[in-house]
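Following this message is one structure expressed as structure tokens.
Each chain gets a letter, A, B and C, in the order it is written, and its residues are counted from 1.
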């Protein structure tokens, strides 16, 4: 595991779904942080060559955290706070449109 | 130091670069003067449409000549220029528009032009499945396609240089004058002289012409474009609309280019443009209506080129009406890219042979003579 | 839209709610000017004070006093009367001072009489082989996760690079019980000598004591390897090891997390796309806006404050935010000037805050080898363009980053050059034997952040364009 949570974290728990799998996050987590902390394989594939990527900068400048949130793609996961029931999908290659 | 050349070409867009190349093919040694770098302005940043479709009749002969050259461009320039040919389609959004298309095709056929074909709804959807169901048909020009504008312009420049053209980038052409039967121009600390001068200066071509005593009614405009992120392939031909401003192209890499001619505000002395987001929003709305599949797309970048538009939307092409050895090749009014290869070939013929078989009389500068301001 | 600006025009729009933006907006609002502060994050604080109002790391000694000092600025802003919109991403700013931004899934434009850009800095790229592997992140990323979510590295973690932030991060990770296997320090030893002339002012500054105590705190607990001259990340589809050279010896360490850092540089995208003139700063090795004493730029009515105007740190950002705001008040509400600190007072505050900066800039000047990569190393992450690709393009005639676009897609991806621009400029400069100033930078345009087509389509309609069909 790359990251672990603090022993004491008083923030409300928030449940999101990542590629169909339930993940527990905390209120105030960004989607990108929640993904990286989840322990799941959340690597996306680049649209250019299909190379695997994970978030790099966590501050909205690298665009490696692009993720589909509630059906809308190419969202910067590090700028979106988690919300109860959010559906996250990992982007593989050229983003699908028209869904 | 004064350097003699066979021709001086002012302007490094596709027109200047193409003329330089074609003069080299005819064994001349031109100098090409580019105030910024080849393809910096309209030629490098346009939609890349390689289009015979929907042209004014006056331009069609030149367009057809140019299309032939496009089809051999890889061998001509040792560069594929990103050119692909999946046709261009003009979409009618209503029955009334389709009627107008029918009239247009009939008119062209009468004039002997067969490159535009009327198509019905099923054929439209076969060519471009992503177009909204409500569109009853349109026109297709099957030889047409698209290319990479920056890559193409640069390829012309490089090949011209390889064949002996002198290319001076980063310097404006100044102090243009005619002395002892020769054109002279200062470029930095050098002076070039030649019997022939070609004004291919794009949005600066009008100023140059006026300075040499041949004003034409031309203004500077800045058409805007947008590009999206990569999306899975869904359309082959380039699409334009009959009734609204849209030009729509998906590249091999999946990105989609949206153009159509909404205008930004140019400041040509500073090489700058201020985008009009109202116009871009209108482009986005048009795409939204005509291509439902694009509703989830993301706009990555918007920009505008700096180009010359004449009062009648036709280029200024051919020998000067006033000076010997002066030729004009500007004012392409937002549709000069596809004409570039052919225009350079024809210009070389005018210069070397004194004439051309391609019909260009209707785009001569003479048409403005009686109405110079 | 769930949140929208209350007005269509404002006296002042401030972009970025870090130290500079918070300070500036508070000043203009208190002076009675209608002020809108826009920030793309969920809460105020920018990078240095990220999540200061919501962090789960509440024990005061973990993140340090400098972090918690941000609360006061946030409270000052809240009391000032400024309107603040969070999760508002500005994507367009032009000379007319029209500000286009996206909030709550919709976009809007507001107009301002004055704009202050306070979008701060971002990490300097550290383009080593393998830096795009999953598991390689920036030190700032780890800090963000720590502050916002209380997440700490827990596996085999390597920190690599140089600069004060690296030490601060290491200290914070260790205080919170996180794991660090080793720190690979890339500071060029020769820099100690060249930094010497600035040592006295450094020692007189607050940096010295804080910095030295941080370093001592960390060195006591973590192995530090100094004089690292080569770095590479390796792994199959994800980071598995870090290879490095120090004192001539090659080493490999297993790792699942590599945190890179070699300083921060101004985030120029919004300013450049708005037409602000920038020049190459050879000391800070980055592009800085050309600013006057009030942060004013080449675009009338547009000022820049904080790290975006030149790296100086949080205290300097506060001072420069107040200076820029004072300039705005002088222009729009001069009768209120008397209630503000004087220009001299603010200048003195800025001087105090930047004391010691020169020493850090020189000591931590990144080596060429870590700024200019070679071979297969990726330069443009978005479009996967390598150093070799760029050199090939130079060989066939590409003279600068914009001409490069005729051959390669470097800079044409979503990050708009934020992670590759400096590298491309320096790589081309070195290859062509020119200065970075001569080579130039990408020509940046709006939208500086991507915008959904549907959002753009939903912008309120303006007058229709000319009816004549114009075909391109």
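Operating definition for what follows: a contact is a pair of C-beta atoms (placed from the backbone, for glycine too) under 8 Å apart; a residue touches a chain by one contact, two chains touch by 3 or more.
Everything numeric in this text was worked out from a predicted model, so none of it was measured.
**Q** Taking each chain's centre as the mean of its C-alpha atoms, which one ends up farthest from the centre of chain C?
**A** B
**Q** So which chain ends up closest to the centre of the protein, judged by Cα positions averaged per chain?
**A** That would be chain C.
**Q** Taking each chain's centre as the mean of its CA atoms, how far is chain A from chain B in angstrom?
**A** Their C-alpha centroids are separated by 44 Å.
**Q** Using mean CA coordinates as chain centres, what's the chain B-chain C distance in Å?
**A** Each chain's C-alpha centroid was found; their separation is 40 Å.
**Q** Would you mind pulling out the distance in Å between where the CA atoms of chain A average out and where those of chain C do?
**A** Chain A and chain C have C-alpha centres separated by 22 Å.
**Q** Where in chain B do residues touch two or more of the other chains?
**A** 229, 253, 294-298
**Q** Multi-chain contacts only, two chains or more: what residues does chain C have there?
**A** Chain C, residues with two or more chain partners: 413-414, 450, 452.
**Q** Mark out which residues of chain A touch at least two other chains, giving numbers and ranges.
**A** 48, 72, 74
**Q** Mind pulling up the chain A residues that touch chain B in the complex?
**A** That would be residues 47-48, 72-74, 94-99 of chain A.
**Q** Across the complex, what residues on chain C touch chain B?
**A** 92, 94-96, 98, 100, 109, 275, 396-397, 399-400, 402-403, 405-407, 409, 412-414, 416, 445-447, 450-454, 456-459, 461-466, 468-472
**Q** Mind listing the chain B positions that touch chain C in their complex?
**A** 37, 39-40, 44, 46-47, 49, 51, 54, 148, 150-151, 153-154, 157-158, 169, 223, 225, 228-229, 240, 242-245, 247, 253, 259-263, 272, 274-282, 284-285, 287-288, 294-303, 313, 334-335
**Q** Residues of chain C touching chain A in their complex?
**A** Against chain A, chain C makes touches at 40-42, 47, 51, 54, 56-58, 87, 89, 122-123, 132-138, 140-142, 144-145, 148-155, 157, 176-178, 237-238, 256-257, 267, 381-384, 413-415, 418-419, 449-450, 452.
**Q** Where on chain A does chain C make contact in their complex?
**A** 1-11, 26, 28-30, 33-34, 36-37, 43, 46, 48-49, 51-64, 66, 72, 74, 78-79, 81
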